[in-house]
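What follows is a pair of complexes built around chain A, which joins chain B in one and chain C in the other.
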Partner chain A sequence: MLAAAAISASLAAAPAIAQSITVVREVDSDRYDPHRSTARAASEVLFMLGDTLVSLDYDMKTIKPSLADSWTVSPDGLTYTFNLRKDVKFCDGKPMKAEDVAFSLKRWINPETKSPVRWRAGKVEDVIAKDDYTVEYKLTAPYSELLYQLTQSFAVVIDKDTLAKLGADFGVKGFNGTGPFCWVEWTPRNEMKIKRHDAYTWGPPIYENRGPAQVQEIVWKIVPEENTRLAALMTGQSQVTQYIPYSGFRTIRSNPNTKLIESKEAFWTYFMGFKIDKSEVNDETLRRAMVMAVDQGAIAKNLYFGEVQPAYSYISQQALDWNPKVEADLIKTNLAEANKLLDEAGFKKGPDGFRQRNGKKIEPTFYGFTGSTWQKLAEAVQGDLRKVGIDLKLQLFDATVVWGKLATQEFDMFGMSYPYISAGDALNLYFRSANVPTPNRMNWKDAKTDQLLDRGMAATTDDVRAAAYGEVLEQVHKAAVWIPLYHEPMKIGYSAKLAPIKAHNIYGCGLYKGLDIKFASK
Partner chain B sequence: MGQQIAYRLLLSVPVLLGVLVFGFLLLKLAPGDPAMVVAGPSATPDVVEQIRKEMGLDQPTLVQFWRYISRVAQGDLGRSMINNTSVAEELALAMVATAELMIACLAWAVPAGIAMGTIAAVFQRGLIDRVVMAFSVAGVSMPVFFIGLLLMQYLGYKWQLLPFLGRGGPLWTLEGLRHITLPAMTLGFIFVGPVARMTRASVLDVLKADFIRTARAKGLREKTVIIRHALRNALIPVVTLVGLQAGYLLGGAVVTESIYSWPGVGRLAVGAILASDMPLAQGAILSLAIAFLVINLIVDLLYGLLDPRVQHR
Partner chain C sequence: MTSTDIESSTPLPRPVGLLRRLASDSTVLIAGGILVTIVAASLLAPFIAPYDPYETGYAPFIPPAFMEGGTSEFLLGTDQQGRDLLSRLLYGTQATLLTGLLGVFFGGGAGVVLGILAAYFKKFDPPIMRFVDVLLSFPAILFGLAIAAVIGPGIVPIIIALSIATVPDVARVTRSTAVVVMSQEYMEAGRAIGLSDRHLIIRYLGLNCIGSVFVFLTLRFGQVILIGAALSFLGLGARPPMAELGMMAAQGRDALFFAPHISTIPSLAIFMIVLCANMLGDALRDALDPRMRNM
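Let's look at the complex of A and B:
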């Protein structure tokens, strides 16, 4: 009776409230505080709730205005002066001024904030509001990545009065930003509701629509089951999602009610890293042969239905400051060559078919995440390595445990994936000696790398920066410290009732500011 | 009756204490570091350490346990380690959603189970009996996630008759009713089987009793004999079973809530455990334990009401 009543009510019910869209995604954020939340789930919403001084174009290389109309950089690269727009208002109607920007950026770098991404702001001397609409960002050392970092959600401008009012509940019970959407309500692990900021007229120039958002409300709903997310999109219970199971892309493409948009850039890379000072994998030739044994093409085709790009480089070749010279050194799949390399280096096969070094079987231990993605990936790599006589031992841990495990020195190899904006962004995170044991889990300690990273960071011209980072790319690729697996392109499935959406790639947040989301006119 | 309630409540105290101790110890012994979870993958060790200190995780286990027990004794379940929300507030919202789901489930599953069991008993060994029993066995044997996916596939996805994305509002609203139907049907399927089987067995038993023969001899209509005399007397063991199964429904609710993104206590508990959010996980475990105890208390009291012999013992 209950079912019959509900079904008849369903059939009679009008379609979902027009101008409200539901976006389904896999996980929620711990909170929505731009300076303390590092999860992609937080950035997805924060990009819509707030604005940054500068924005990033779809090509992931060009910096465009946002809250700052224009900016200048001093010749020594130490002072950035931002000229702010004068028409910007917070969601509560209060005008946004330079002191709000200075307050927000200073809170980001304040050690008391305990921001896990404080380092992304560079070595800051001070951030000063010179007048109501001019902000000076002063550094103690040049930082060529600064503008790129300032496009990230960590640099979103917040309202200090709201922060003072909400205290520890900031980003939990409320938020007051200048973005195209305003906070309505958040039920953790369930849904986040945001509504259109009607006064918004300062959208970044990468959008055709720079005025208010074109939908009234966005509901971000947490749906952990991937097939439920797909079914929700197919049945119109959700209008947009980028969290689609690989097996579902074909269904979305072939269904007349749904569409799929894909960005050309794939700035989210999956890789396995070697702890290069562990005895199991400290030999460069061994590592090179192991990289060569892995068939990334087969992984992309068989595990991911050809929906990802096989990776041979540590960052996407479309990324800013990618060094084309490295391309000649990229290690491509070649089983025969891998076996030859190992034979020549004296890694002889034992009676069990596995190779040995000094009478000891080569059996590196791999630490990774549980869940279908890493389980499948790790098993595929394990299978490939067996073909060259290496017995990879897999140990997978759930998300609550894995980060602690990956901070230890217990393993020889690990699995990881990460988003980045540029070569510098990726290299400074993973290859700085100071970042051992985490996030530099390879224990890559190299004075020359640090020097080059410093040079790249302090560069005041694009050429110097690209040259420095390019050299680090050459260095680490030659040393075979990672097995690159695949680059994941941004793909967004959406209802055919919506007008075409363009996929962005910033921090893996495909909808970015959401200014192009609208229902298609009939 | 009052004395009986007081006695039952008193018995619940050590059980709850046990739940508190074991809940705390289990979560404490489970591997995982909430500070690492909060800090994220790119955090440096000093930031993780700072966060650990802020969360009070640098204190000895005994100190942490004492703080927890003292807080709970004062009715304070604490705040979520991850997002600082009040555990009590989160639980209150989640309890409403779970209670709605259970009520909706029981509302169709109990009458359906009783009706099916009675019909099966009346037509014992006939085709209807076999169909009903096959259905019951299927309901008992199929895991709840399978039933959920099956219903979602056909009623939600293929025929697009019902929504399957979370809660649509309070139960008395149209949206609320539409959204709860699939989760309630899913959860109910695991419930119908045992109720139908127990009803069938119990009715068959009662139908052999002398008073049924007397009722028939008096010339009462068969319908009256079955409904007024047989079924009424057959319901006592069924009520016990409903009570016991209602407790186990909480376990089924964890899976159902996850499949349908239903914002109940089960899903909350799973999320909190996966995120190493200890205060929230402990609060969720405690509230599930209390719910179980309350359900059992209600069953005991109902049992007394239905069967006066119980009160006299």
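Let's look at the complex of A and C:
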């Protein structure tokens, strides 16, 4: 009798266990505080633990409601008024009010928080809770990117009482947000456990299921080795992951137990930049020829098994405010033309087969990350540049020292990859003269660029913004300051036991809110 | 005791017929033959390599000639960057052997000096040996990581790491051999007739130890190559495009399932070098070991 009861109890509990999903990924974050963590690893979890005022559609261009039902922008572009939903609750059951939103956004902006991405909030005068469900976001200068930035995990709304209680342990030992999942436990560099927020019904309209989530629990597990992650997916230890080695996509596609979802939009771009004022690479013709010598098609095909998009533009051509006029200026692979350009410019080959400039061999120094990605990427570019007589010297550093090295003026070229949501997002980051020496490692200092970036940022209409950013795109592409290499598309491998999911590109976090993750009905 | 006695006890256990004994051992012949071929091929790389090892742009992933789909143009096939694998293998072996040799040379040299000093000067014994114990507690990989982090990856940090990793073992072996030699009567006699420390250390102590230390170093050589390849596999070694066997093995990992030759061929080369070095070392030890000799 007792035994029977025990058995039935365990049977009843079984489905709950089956409702747990394990996501394997490469690295962990140092903490999960939305205003202080900028790692993709943090954003992935924060999108699920919390909500933002507005959300971003799969097309990466359309702003949709989230915590705010509707919003208005004043004609001068300085005041944004958000009307909040009235049914939103934190994980602890407390209703979310306008003052929570104002508190969270002001904490992000507050210099004491030391948020590395404070600039993303724009030039803020104040964020005011007009009443319980109205928030006014006041700027001192118009900022056309604002709504896009407010979709990012840095704008997640948090509960100030939990913050006061946990202090420095906020986002380390606990969290309280309004997201579809709630904090359970985090063991750094091992796993992050989050459970379903049962009261959740206010998911972004981009999801068919607006809440609550359809699985009980998500476990984010750190598995540093890529082939082990692939094995975890194949053997069912993990149900979904976007961190798959390129060689594994073929396996996932052909295996009946796994599926692959691919998003056409690729908003993570790998490139090599030139420090344009260094004597090795300060000649525009030389840089053009170098860009031309690199065979992005072969790189995509040979190193990445055709799973990435060869890049000739600095941002994805599908990104918001991409300028179609630049298409004619894109430098395509042409070895013969590259050699001709260099010959004509007077870079003669020396006795060792390498070209010379003022009697000195052309041998730019490249700084980049060690590890499988950049090692082979840099080597491929090195091989291509040898064919036009340029001897690229590679210096690859461990992740712990590379950031410091990349902030110096020691190198001529560097390797980098980055996520973005729009042209403005990318250009304001890399091409502002105020951002020298990092992230503007090119030392691109141009008054006109700064002016255009300001104009784009202050634009109150889409046309003005697109025109300003479009012109900057033209400027920098013409000057050949980068060698674009490839755009990395979002691909998520998942178990066939799950219902189909859709890949999002926001900040490279493919699962976004996770509201569509569920086991397929039998 | 006369000075003649001292002279007669040098030059030390240089066994007559060592080479002949080694030559009659088939293991030595095979292992030595292979090793000599490998070394010769790598030294002659600039002359016999069919292609430029850095030249990319041939079709990638071509399998070796003896496999289906292979072509005689590329005897060992091409790697994922479209480079000729045979040429890279020849140059890579050169780099691997060089790092191993230099690692053993510098590390062995320092170890011998430390070991002999510790045995000869009693007051230096404790500090030197404790220092060696400290070194012994650091794994070579950790050294490699730390050094590469400071001066950047490359062949030099690998050689430094390998040298440091070799020092403690060699110092221990040298010291224990030297302590035995120190207790010999001729050492005492040398001191009694007023030979200088330098003379005693170099001519009597050093030369008497060198045989067994040399055997140890031969055995150690294989291990050093292996550690070097491991460091290089982790991306701390040779700077691209320079070919190095460990690095080549690492680069082929992505393609392991459909182009296994990229990874396995350099790995096999490492295996052969280490195996042959170990077999030679073993044979050398057997030949030099007096007990084995009497049997």
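The rule we apply is simple: the second predicted complex is superposed on the first by the 506 of 522 C-alpha atoms of A that agree within 3 Å, B and C clash if a C-alpha of one lies under 4 Å from a C-alpha of the other, contacts with A are read in each partner's own complex, and residues count from 1 in each chain.
One rule holds for everything that comes next: a contact is a pair of C-beta atoms (placed from the backbone, for glycine too) under 8 Å apart; a residue touches a chain by one contact, two chains touch by 3 or more.
None of these values were measured; they are calculated from a predicted model.
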Does the chain A-based superposition show chain B and chain C clashing or fitting? fit
In the overlaid three-chain picture, which partner chain does A:254 touch, first (chain B) or second (chain C), both, or neither? neither
Applying the document's definition of touch, where does A:370 land relative to chain B and chain C: first, second, both, or neither? second
For A:72, is the partner it touches chain B (first), chain C (second), both, or none of the two (neither)? neither
Quick one: is A:303 in contact with chain B, with chain C, with both, or with neither? Answer first, second, both or neither. second
For the overlaid structures, how many degrees, to the nearest 10, lie between chain B and chain C at the C-alpha centre of chain A? 40
Quick check on the superposed pair: does A:437 touch chain B, chain C, both, or neither? Answer first, second, both or neither. first
Please work out whether A:386 is in contact with chain B alone, chain C alone, both, or neither, and reply first, second, both or neither. second
Once the shared chain is lined up, is A:398 touching chain B (first), chain C (second), both, or neither of them? both
Return first, second, both or neither, reflecting whether A:378 touches chain B, chain C, both chains, or no partner chain. second
Chain A residues in contact: does chain B have more, or chain C? B
In whole Å, chain B and chain C in the superposition are separated at their closest C-alpha atoms by 5
Check: chain A residues flagged as touching chain B and also chain C 227, 397-398, 400-401
Residue ranges of chain B touching chain A (in the complex, touch as defined): 30-34, 36-45, 47-48, 50-51, 54, 80, 82-85, 90, 93, 104, 107-108, 149, 152-153, 155-157, 160-166, 174-175, 177-178, 180-181, 184-185, 258-261, 263, 267-268, 271, 273-276
Seen from chain A, its contact residues with chain C in the complex are 227, 245-247, 251, 295, 298, 302-303, 370-372, 375-376, 378-380, 382-384, 386-387, 393-398, 400-401
In the complex, chain C touches chain A at residues 54-57, 60-61, 80-83, 145, 148-149, 152-153, 235-236, 239-241, 250-251, 253-258
Chain A residues touching chain B in their complex are 1-3, 5-7, 9-11, 13, 22, 24, 30-31, 38-39, 114-119, 168-169, 172-173, 187-191, 221-225, 227-228, 231-232, 234-238, 397-401, 403-404, 407, 416, 418, 429, 435, 437-439
